[in-house]
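Following this line, the structures themselves.
Consider the two complexes below, in which chain A is the common component and chain B and chain C are the respective partners.
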Partner chain A sequence: MTITIAAPAPASLAAPRVPPDRILLLLAPAVAILIFLFLVPLVLFFVRSFTEFDGTTADFIDQAWDLLLSQAFLTALATTNWIALIVTATVLLVSYPIAYYLTTGTGSGVRIVLLSIVLPYFTSIIVRTFSWMVLLGEHGLVNDTLLAAGVIAGPLPLMYNRLGVLIGMSYVLLPYMVLTLYAAMRAIDPSLLRAAAGLGASGFYTFRRVYFPLSLHGVLSGAMIVYILSIGFFITPALMGGQHDVMIAMLIDRSLEVAVDWPAAALMSLVLLLVTLALYAVYYRLTDIRRLIGAR
Partner chain B sequence: MGREPRQGQFDLVEMDSVLAAPSPAAAMPPAAPTAPIPAGAGRGAIELRGLTKRYGDETVVDAVAAAIAPGEFFSLLGPSGSGKTTTLMMIAGFVRPDGGAILVDGEDMTAVPPQKRGFGMVFQNYAIFPHLNVFENIAFPLRARRWAKDAIEERVGWALELVRLGRFAGRDVRQLSGGQQQRVALARAIVFHPPVVLMDEPLGALDKNLRFEMQVEIKEIQQRLGMTMLYVTHDQEEAMSMSDRIAILNRGRIDQVGLPGDVYERPANPFVGRFLGEANLIEGIVIGQSGELVRLRLASGQELRVPRSAGAVTGSGLLFIRPERVEIASGTSVPADPGANTLVGTVRRCSLLGNILRYAVDIDGMPPITVDLQNAAGVAPLPNGAAVVLRWRVADSLILAGET
Partner chain C sequence: MRRWPTQLLRLYIAAMCVLLLAPIAIVVVLAFSGDGYLRFPPTSLSLQWFARFFGSLQWQRALLSSLIIGAIACVVSTATGFFAAYAFLRSEFRGKKLLLSLLLMPIVVPSIITAIAMYYLAGRLGLIGSYLWLGLSHAVIAMPIVLLILLSSLHAVDPNLERAALGLGAGRVRVFCRVVLPIALPGVLSAALFAFLASFDELLISLFLAGVHTQTLPVRIWNSLNLQVEPTIAAVSAFLIGVTTLILIAEAVLRRQIEQRRRRAPA
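Up next, the complex of A and B:
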């Protein structure tokens, strides 16, 4: 007769809890940086911009309304959100299979793909944008190759238009999505997929009913990050876009650099900030929900 | 999908009323498989032919062969690394065999993907879908098979009652205890009435009491529904209490297949003898036979008698005797007894294991012999160093060839 012992519960590896007063101490550097390098300049910018305005408060409100309801601003707002939406969708569609491959694949292929996703992440956004200009320009690599191959008669307009903005932004934002999805997919227990197959589910059914729902919080997080980053984009659309692709950040830049209208710039910045915060609030709720739908 | 308990449902319902599958007329769509008792049709015969799996140079499953009858509870028992889980994974279709075949009801399943094999499965960690509630977890195999909504409701309700989770349908699975999660996994595996259910150490994570409770429950459900059960475990008590037959795996091979009593009482080799519980294996030299008895001489010069076995043992052999078959009495004299072996020794130690007292008794010139005694009323442990006489019936012992 042998005494059987149930498998022992895994010992808790969590570090002992830090006492609350120490937590504040640990957070102090981060808080200081946020306050002095972000919050203070931001507030000063708004304060200075609005105090610079000559005239009564009623005038200010009038002009603010005019600006916020102006064709230029509304168009830029719509353009910005539309581009952000398309970029988010594009990045998601491209990233999902990549992240899936990174999660489930084996061998050196995974390392190469991961490296080629992460490396550009560490490269300057301007360098990357200019690289795309080399590729997509009228006499860029893509057009030259297609012309030489006789596929097209004249160069394709790949840049200085909406397409150029979408390509450039999607590329820059790809790593954020891939890495977010990768983290979410890594957390999916592979034995669940095996269980689904063992219980008679086809590959597609398993994906639809088990894998995708479990990766959903990654999809939502990634989409939110990419969207929020997209609506504030400046360099890529400025360099690769055309006349009709004015995004809010570019409009703000123009009011500052060209019109030297600080109150207008501040007002638009405030709108952009509020939109971002609103989206972040949604994102925050979603990450709460993700606990409800079973992510770890 | 929070379903309120219907009136008159209790946690502990009478098994008979619960175990009866819903009447086919009630909800079954014509397309859905309706057989309420799958094994009634005698389905679920499994045949393993020379099943082999290698990883690199290592053969983890080596020509495993077995024929499992419909409705049989068949356990694959072995220590970790014996290849039992790999064998099960090959039967389930998750691991591709390097050789051999798996037949179910005469049909070759070796190349059939797992989702088309139609087995019910319970995994070691339950593998319950965390994003689905109890009802949807159990409904999963039915939805995957495109059952109609009414039929799913009916059948899941039946399965929930079967595992006594009737009131938990709408519950979040992560709020359930280990035993309840285990029941969800069980219900999910049987809800579509598979002829064969595979279980991979399903009770490994439960504590001992709950484990015993679930053993009884699984066995009862299996018997009522009559499905073929292929059960992997490393727990010999679990295998013995539940199984119709047990296959003992050792280093990728089946060492012995048989009824629980047979493999326990008549192990084919020292490994099986030791794995199924405490065993005394007394080494000696075969010095001859007289009739149906083999005479074995120990290193100390004493002679023991063992019934002759089917396979002739020559040279050195091991006398196998279970500790609970050895009687212990204080004293030094040995009355002659033609039907029994006796040895004189001294108590080295006595351990109380709860319901039994386990003695280690030193005998001249050999490893101590283990003796188990019921911790019954009036039994007082003998002190260490006490002179004792050990005695066992010749018929209870067995001769085994030494380990190679």
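Up next, the complex of A and C:
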């Protein structure tokens, strides 16, 4: 279950080792970019935002507690967690049969399904969000169709509320789940299923007692990555949500755009970052992150 | 006996494919609308929104910004990511896994935090609105993707070829340039394409780091969606979808080459 990064060659054929000083040289540019353009900005943002606070340390701690226990922050925390959980569950339920079909199906069907996963996956998030705004608006396609069919009397509120956020985010995050599940399911040995069938198990029994338990690993890592990505989501909820759907990322953005309050933005960012990194650490131990690109 | 669950699954899969592709297809159709506002289905077809997109100086500038920044991010992240991926595959050292997880961190850190932190530093350094700085910042986001793709495709490079070249007296640099690079080329190109796409589609970092003149296409779409939705953005969206589609097709061709090379290499 743990990652092997080196090529899986037997010892006698082991890759020619590159001398350590060359390794350092090869790694240096990538590490430099990571440090100077990613880690340094992050650290500076936190350290400087906190040190620029006017007042004593005691004042700072007081205000920090006030902020972290404020109604706005706690509500956003709860909203974020709730939305992330529902999105994760929705995406999991929708994706499982798709991934199952991808591993068991053959021919052009599989290619079409892969296309319908991969094309949205690599389309800009802002474009995908816009496309759902076209569909779900008050005069959007869904409402127009339902009105024309006489199913509803007036337009349904499908957007600028929680429902819109859930639909939009689920659409954006679905490919991550499908690809993760797909990678896990491909690793399931088909001879186990044949053995179960040969021993007289029904199709459903084989699925329940053999296939599903073996796929649980993928379910867990898929759920984790979708949850991790959900809690930091900004674009889709900001465009499709209503006033009651303020997630943490939006609160952080507002504290800068509206209040220009760097310490507050930094503090909330720190909470979000720590939660994300803690979950990432668990995820990284649990799974092979290369599954995100559908590789085994 | 197993008929109807299979049929049911097929039906479900077909419905999902429609649901997944429909939003994208609808935007593409809307882009060709002849109507004065966004309405589906359009009553007539025309190229007016594309004409407005490519004819507007502001949109042209945004397209140019996106291309310049994407090119910088693509070159920088592919080059550095390629060296790093090669080092990862050809060495064992302590903390290797930790280093890899650090290099992949930009994928999971919420982009709003990354964007604000980069904005903070760029503001201090007076680099807001700099193409180069924005391109380099995008390289941070693109590098994990390059690494993930290359770690998987560089397996196609048979270590024995390198050993043979070394044994025949070629230097390490020569082996790298004349043996490793040509064999790895399809994978590198495919990584470069996705790196470009990652930058081309990126919104939040651009939103914070772009000045007035370096606004990228996604930033302008965002502004339009927040203020007043102009129908031109359907055409811009269709253009972005077209770029994505082209890159996916190119990648499929490259992937076939990688598979062929892998088949030739001994397991």
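Convention: the second predicted complex is superposed on the first by the 253 of 296 C-alpha atoms of A that agree within 3 Å, B and C clash if a C-alpha of one lies under 4 Å from a C-alpha of the other, contacts with A are read in each partner's own complex, and residues count from 1 in each chain.
In this section, contacts are C-beta pairs under 8 Å (C-beta built on N, C-alpha and C of every residue); 3 or more make two chains touch, one makes a residue touch a chain.
Bear in mind the structure is a predicted one, so any value in this text is a computation, not a measurement.
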{"item": "In the superposition, chain B vs chain C on chain A residues touched", "value": "C"}
{"item": "First, second, both or neither for A:F122, with chain B first and chain C second", "value": "second"}
{"item": "Touched partner set for A:G198, first chain B, second chain C, both or neither", "value": "first"}
{"item": "Which of chain B and chain C A:I152 touches, first, second, both or neither", "value": "neither"}
{"item": "Doubly contacted residues of chain A, that is, touched by chain B and again by chain C", "value": "3, 5-7, 203, 293"}
{"item": "Residues on chain A engaged by chain B in the complex (per definition of touch)", "value": "1-7, 189, 191-192, 194-203, 205, 209-210, 213-214, 293-294"}
{"item": "Complex contacts: residues of chain C adjacent to chain A", "value": "1-2, 5, 9-10, 12-13, 16-17, 20-24, 26-27, 30, 38-40, 76-77, 79-81, 83-84, 86-93, 96-97, 99-114, 116-118, 120-121, 124, 136-137, 139-140, 143, 145, 147-149, 151-152, 155, 159-160, 162-163, 166, 172, 194, 197, 200-201, 203-204, 218, 221-222, 225-226, 229, 233-234, 237, 240-241, 244-245, 247-248"}
{"item": "Residues of chain A that touch chain C when the two form their complex", "value": "3, 5-7, 9, 13-20, 22-23, 26-27, 29-31, 33-34, 37-38, 40-42, 44-45, 48-49, 94, 97-98, 100-101, 105, 109, 112-113, 115-120, 122-135, 139-141, 144, 171, 174, 203-204, 228-229, 231-235, 239, 249, 252-253, 256, 262, 265, 269, 272-273, 276-277, 280, 283-284, 289-290, 292-293, 295"}
{"item": "Of chain B, residues touching chain A in the complex", "value": "92-94, 113-116, 118-121, 123, 125, 127, 129-131, 140-141, 143-145, 174, 188-189, 192, 198, 204-208, 211, 235-238, 277-278, 323-324, 353, 356, 372"}
